[in-house]
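Structures incoming, each one as structure tokens.
Common to both upcoming complexes is chain A, partnered first by chain B, then by chain C.
Presenting the complex of A and B:
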């Protein structure tokens, strides 16, 4: 167990370091810097641009910029965002928790839905209903998140007016609400973006779950459980589901990149104040420190989440422990 | 003559329908000029207003600049499918090369290549693309093909590597080595041909993920720029106002139909290959 923990931690660290280097190189190799485009105003003279470049260190040679960037990273300094006019660390502190809330909710809802759906499909294998569900799942997996989000927005927020269109809180009323109503307010705003992502996640999870349960069903212990007279539902939930749990937790780690990618688009559509929206906005201003920090935060999230999922999976299922 | 596994895959009605839909879109892309009723770039005629709902003259309506949506959709097929196809070709080629070398060479080459794959896969593709666009600025068609190709190869390389590693240990490969066939020839003549079925599946996977990715990027305003019509940026232009639903619905349906067809076809191909492997045992 400890060996797994150490090896997964080391692997994650290597991946994050590689991503940091790759991202830095890719971003800085491209021609131009923030001040060659964002200060297009002809009234801004070249000496002002040069001063700005010197201020943010863009006039230094690339290796020096890299060393300085890594050094700052090690001390937890992520640089200064020139488009937002505040330290990048502060921007991340304000946005990352919102993205985590969105992704976490979507992951939990998607898991519950996907497990239920996949288990049900496996138990009804070959039936007409199962085929229909399979087709619906393939359909859900083929619709890009932004289309699902636009559809949900049009139906529930604009046509039916059940849920708010955008944002995370009611801008006018939120501050004057009590705690319970504040939470309810956030939940109402969370419903559409998280629901969109949960739907996609559930579709993905159900495919794994169906295969996992189908793989467990022919095992001897299930046959003996049924032979001793356990009911079908008990066999499914107590025995089959429990044994499919380990791989399922590991799958969560694999789902994280897609979930984060989806969050970027969904945040943009529902004006959810998270990391993805912040990054899309930072692109226009070529705000390198902010974009780099976003890529890095995303990679840390995926690497740490993936490692945690692997460790949890082997806790839940001892059979997975000897694989790595 | 199509190989056996491809013929088996095409036996199902779903797969045939998928091929039909894809063929239709490819036809639109190739013969856009002949099929489109209007010029997609200019205002068709003085009598048609902007943002007209679907009518007989404009079956899919007109957009905010009075352009015919159907014509733009047909030309958009050329752009969206062209970008998707070219970038998948690039991604699969790079992925196959990296995967084959890593799997065949083993050792530190393999370890280094797979850590690189881990790193690229640990960043969501869209996030990586956003960062790259922030770096290089607005994209041309060639630029977006390059970026999509260079972010799309890791999945293919993993699939090819796994297949090469199993093929490498087959008896006929050992036999070839024993008779003195050089290593590069073993890879090229004895191992790589066996990878082709997996490579086709990898290509469908890559295609099914690149189409939504390109559309999402265009939708975020970071992909292909108007007035070049791509299905993604058509949706961006139409999604401001919920009343102009036809500007979102039709390009959206085109994207979903394409991805669904590719996914369905990929599933059948995978099943056909699995069946082939079961028979072999």
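Presenting the complex of A and C:
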């Protein structure tokens, strides 16, 4: 197990370093810089822009900027966000937990829903209900996330007015609420964005789960359980489901990048103050320090998630340990 | 007898108490409530010299008082109509090169310190220090020589030369800053200081919080020297997607949106909870020709020819284009100005739409129609590229209409939609044939100098097409220097006519801006250049208040 952990950590470190370097080069090659838009004003002379660029070292050759950035990173200095007017570390401290809350909720809901749906579909294979569920899942997978998000917004926030349109808290009331109501306030605001992401996640997971359960159902040990008189639900949940979970754990690692990508869209539509939304704004404003810190945080998140999934999968299936 | 006396005394006390309560009620009538404004952007920073986004200007101008404010007439010449703010009064020196401000002794910074003349002088130091990177620093440096402090409440601003808009430019730009809080902060880190994120102002509202990507909150200053604002607090909720902002308004989660997208206008107009208000617009859009070829350092192969530019202008039916894109929410621009400016002149003769005349001119210039329907001269087709930024929906929609109308005259246009950064890079480096762009202006026409005269044609300037005409420059300079409005207008009219005739750009549209707001909100007229300026006098209708209007704990 230690070997597995060390190996995964080394792989992750290399991948993160490569991703960060690539992001550094690409964002600097893109037209513009942090001051080309923010100081794009007829009243601002080029000397002001040049001075600001020099102040942050953006006038230096790219390799020098890269070395300086790596050095600062090693000292834990992430720089200053030009678009949000705050130290990057503070921005990440504020936004990363919000994204983790959104993704975590969506992942849990998506997994529970997807596993339940996939297992149920496998148990009802060939029925009309199973076909209907399959069509609904295909629909959920086919519709772009932004359309699902806008549909949910229109139905639950505008038409029914059950849930708030956007944000993470009620901007006017939240601070005057007690703890329980504050939590409830966040949950109400979380419902639509997390629900949208969870729906897409559940749809994807259910397809894997259905296939995995169908693969397990003809196994001898399940036939034996049925022959011993175990109830169908017991056979399905206690025996089939447990044995079909192995592949699903590995898929969880793949779900993280997809969820992070989905969060970019969903966070923007529901104005959820997370990393995805921050990154889009940062890229548009060529906010180099924030973009790079965001890429790093995202790649760490995905790498750690992937490694954790590998470790869990190997714990669940000892055969995998011997392959690494 | 004693009983009677006691009873009378009690009665008198009750009457007095009732009268005091009634007086307080009268004074507090209309007070209270929370205004929620839907905003598409974070402020970036809240340090007045370096703010540029609308939301940042709105917040800072409610947190900080100016010396004086332009009146409702938006007159920018002289000091007539300006309303006292931090300065209770002002008087001019005999030579009109100095203006002495007498500060209101009641004015306080929100940490309790009195506002002093030294704060005004300090502000000028900060604004004009290139280390600070103020957007208006260069303009102030070019206009103001110095500020001398008389006593703690008196300071005199000395201008370098007499110009009619000196007073407007000074008070509209320079916001006094607290020297006791910022005097020791290094200038190059002021924009990144704690103050820039949580400022201490002297205005009708004080800062509470700015949570990036979420909200900005300010509350009324209870002891504000010019009288407390009617609203208890103002909150900007920040959402990056226009659809979300509009839905916040429709769902009642927000009370105000300063610029409603035209597509949402019918729904807003039909919503019984909302009302829509037109406000003056200070922006215009244009198609600009590049008159010079960057690579060859010579006149542009096409647009160096004045007659060709004029023919291209005549080949465009601007009225139809504007109607197609804006419906009733836009008008055809008449020049490098907006109708709301005092120097505007809509009677300037235009190169109106006349495709037949355009075709005749093109023929006479040797551009003949080929078998493919495209004109060419000496084997070179009449084709060029127009770049447009994807950041502007209006211009992105407008571009194909321009392309089609020119195609009908035998001109081939390649449209290139660029990310805003790429667009600005191309514009600044002058690597384009023609571009579709827009400019935001102010009540003052002075912005024309940077955007259209020779001084803006230099490297890094905003006159990206490098239009240079000495007579035009002279008329603009004369207009800006003229003391009397009538004379100034005459010079501007002459300048506008010259640029209309030279056609270095085709002035396409002026959008009409529509704000949408909850009916529970009572506002006065919205100032075109700064809709937020009246917020201290806005109120929430008493019987329309919601829980969020009373959920607010006052503090000093």
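The rule we apply is simple: the second predicted complex is superposed on the first by the 315 of 324 C-alpha atoms of A that agree within 3 Å, B and C clash if a C-alpha of one lies under 4 Å from a C-alpha of the other, contacts with A are read in each partner's own complex, and residues count from 1 in each chain.
The working rule: a residue touches a chain if its C-beta (ideal position, glycine included) is under 8 Å from a C-beta of that chain, and two chains touch if they have at least 3 such contacts.
Small disclaimer: the values here were computed from a predicted structure and weren't measured.
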Next on the checklist: One more residue to check, A:279. First (chain B), second (chain C), both or neither?
Outcome noted: first
Checklist entry - Which holds for A:48: it touches chain B only (first), chain C only (second), both, or neither? => result second
Checklist entry - What is the contact status of A:24 with respect to chain B (first) and chain C (second): first, second, both, or neither? => result neither
Checklist entry - Given the touch rule stated above, what does A:176 touch, chain B (first), chain C (second), both, or neither? => result second
Checklist entry - So, does A:208 touch the first partner chain B, the second partner chain C, both, or neither? => result neither
Checklist entry - Once the shared chain is lined up, is A:164 touching chain B (first), chain C (second), both, or neither of them? => result second
Checklist entry - Thinking of the overlay built on chain A, is A:83 touched by chain B (first), by chain C (second), by both, or by neither? => result second
Item to check | Contacts of A:261 with chain B and chain C, given as first, second, both or neither | outcome: first
Next on the checklist: After the superposition on A, what does A:303 contact: first (chain B), second (chain C), both or neither?
Outcome noted: first
Item to check | Contacts on chain A seen with chain B and repeated with chain C across the two complexes | outcome: 30-32, 37, 150, 158, 268, 280, 286
Item to check | Interface residues, chain C side, partner chain A - complex | outcome: 34, 36, 42-46, 52, 130-131, 133-139, 188, 191-192, 196-197, 211-215, 217, 233, 235, 237-241, 243-244, 247-248, 250-251, 253, 419-422, 424-426, 428, 439, 447, 450-451, 456, 459-460, 462, 547-548, 551-553
Item to check | Parts of chain A lying in touch with chain C, wherever the complex brings them together | outcome: 30-32, 36-49, 51-52, 55, 80, 82-86, 91, 94-95, 150, 153, 157-158, 161, 164-173, 176, 268-271, 273-274, 277-278, 280-281, 284, 286
Next on the checklist: Applying the document's contact rule, which stretches of chain A touch chain B when the two form their complex?
Outcome noted: 11, 14-16, 18-19, 22-23, 26-32, 37, 138-139, 141-147, 150, 154, 158-159, 257-258, 260-261, 264-265, 268, 276, 279-280, 282-283, 286-288, 291-292, 294-295, 298-299, 302-303, 306
Next on the checklist: Taking the touch rule as given, give the residues of chain B at its contact with chain A in the complex, in rising order.
Outcome noted: 115-116, 118-128, 130-137, 208, 212, 215-216, 219-220, 222, 235, 239, 242, 245, 248, 252, 255-256, 259-260, 263-264, 267
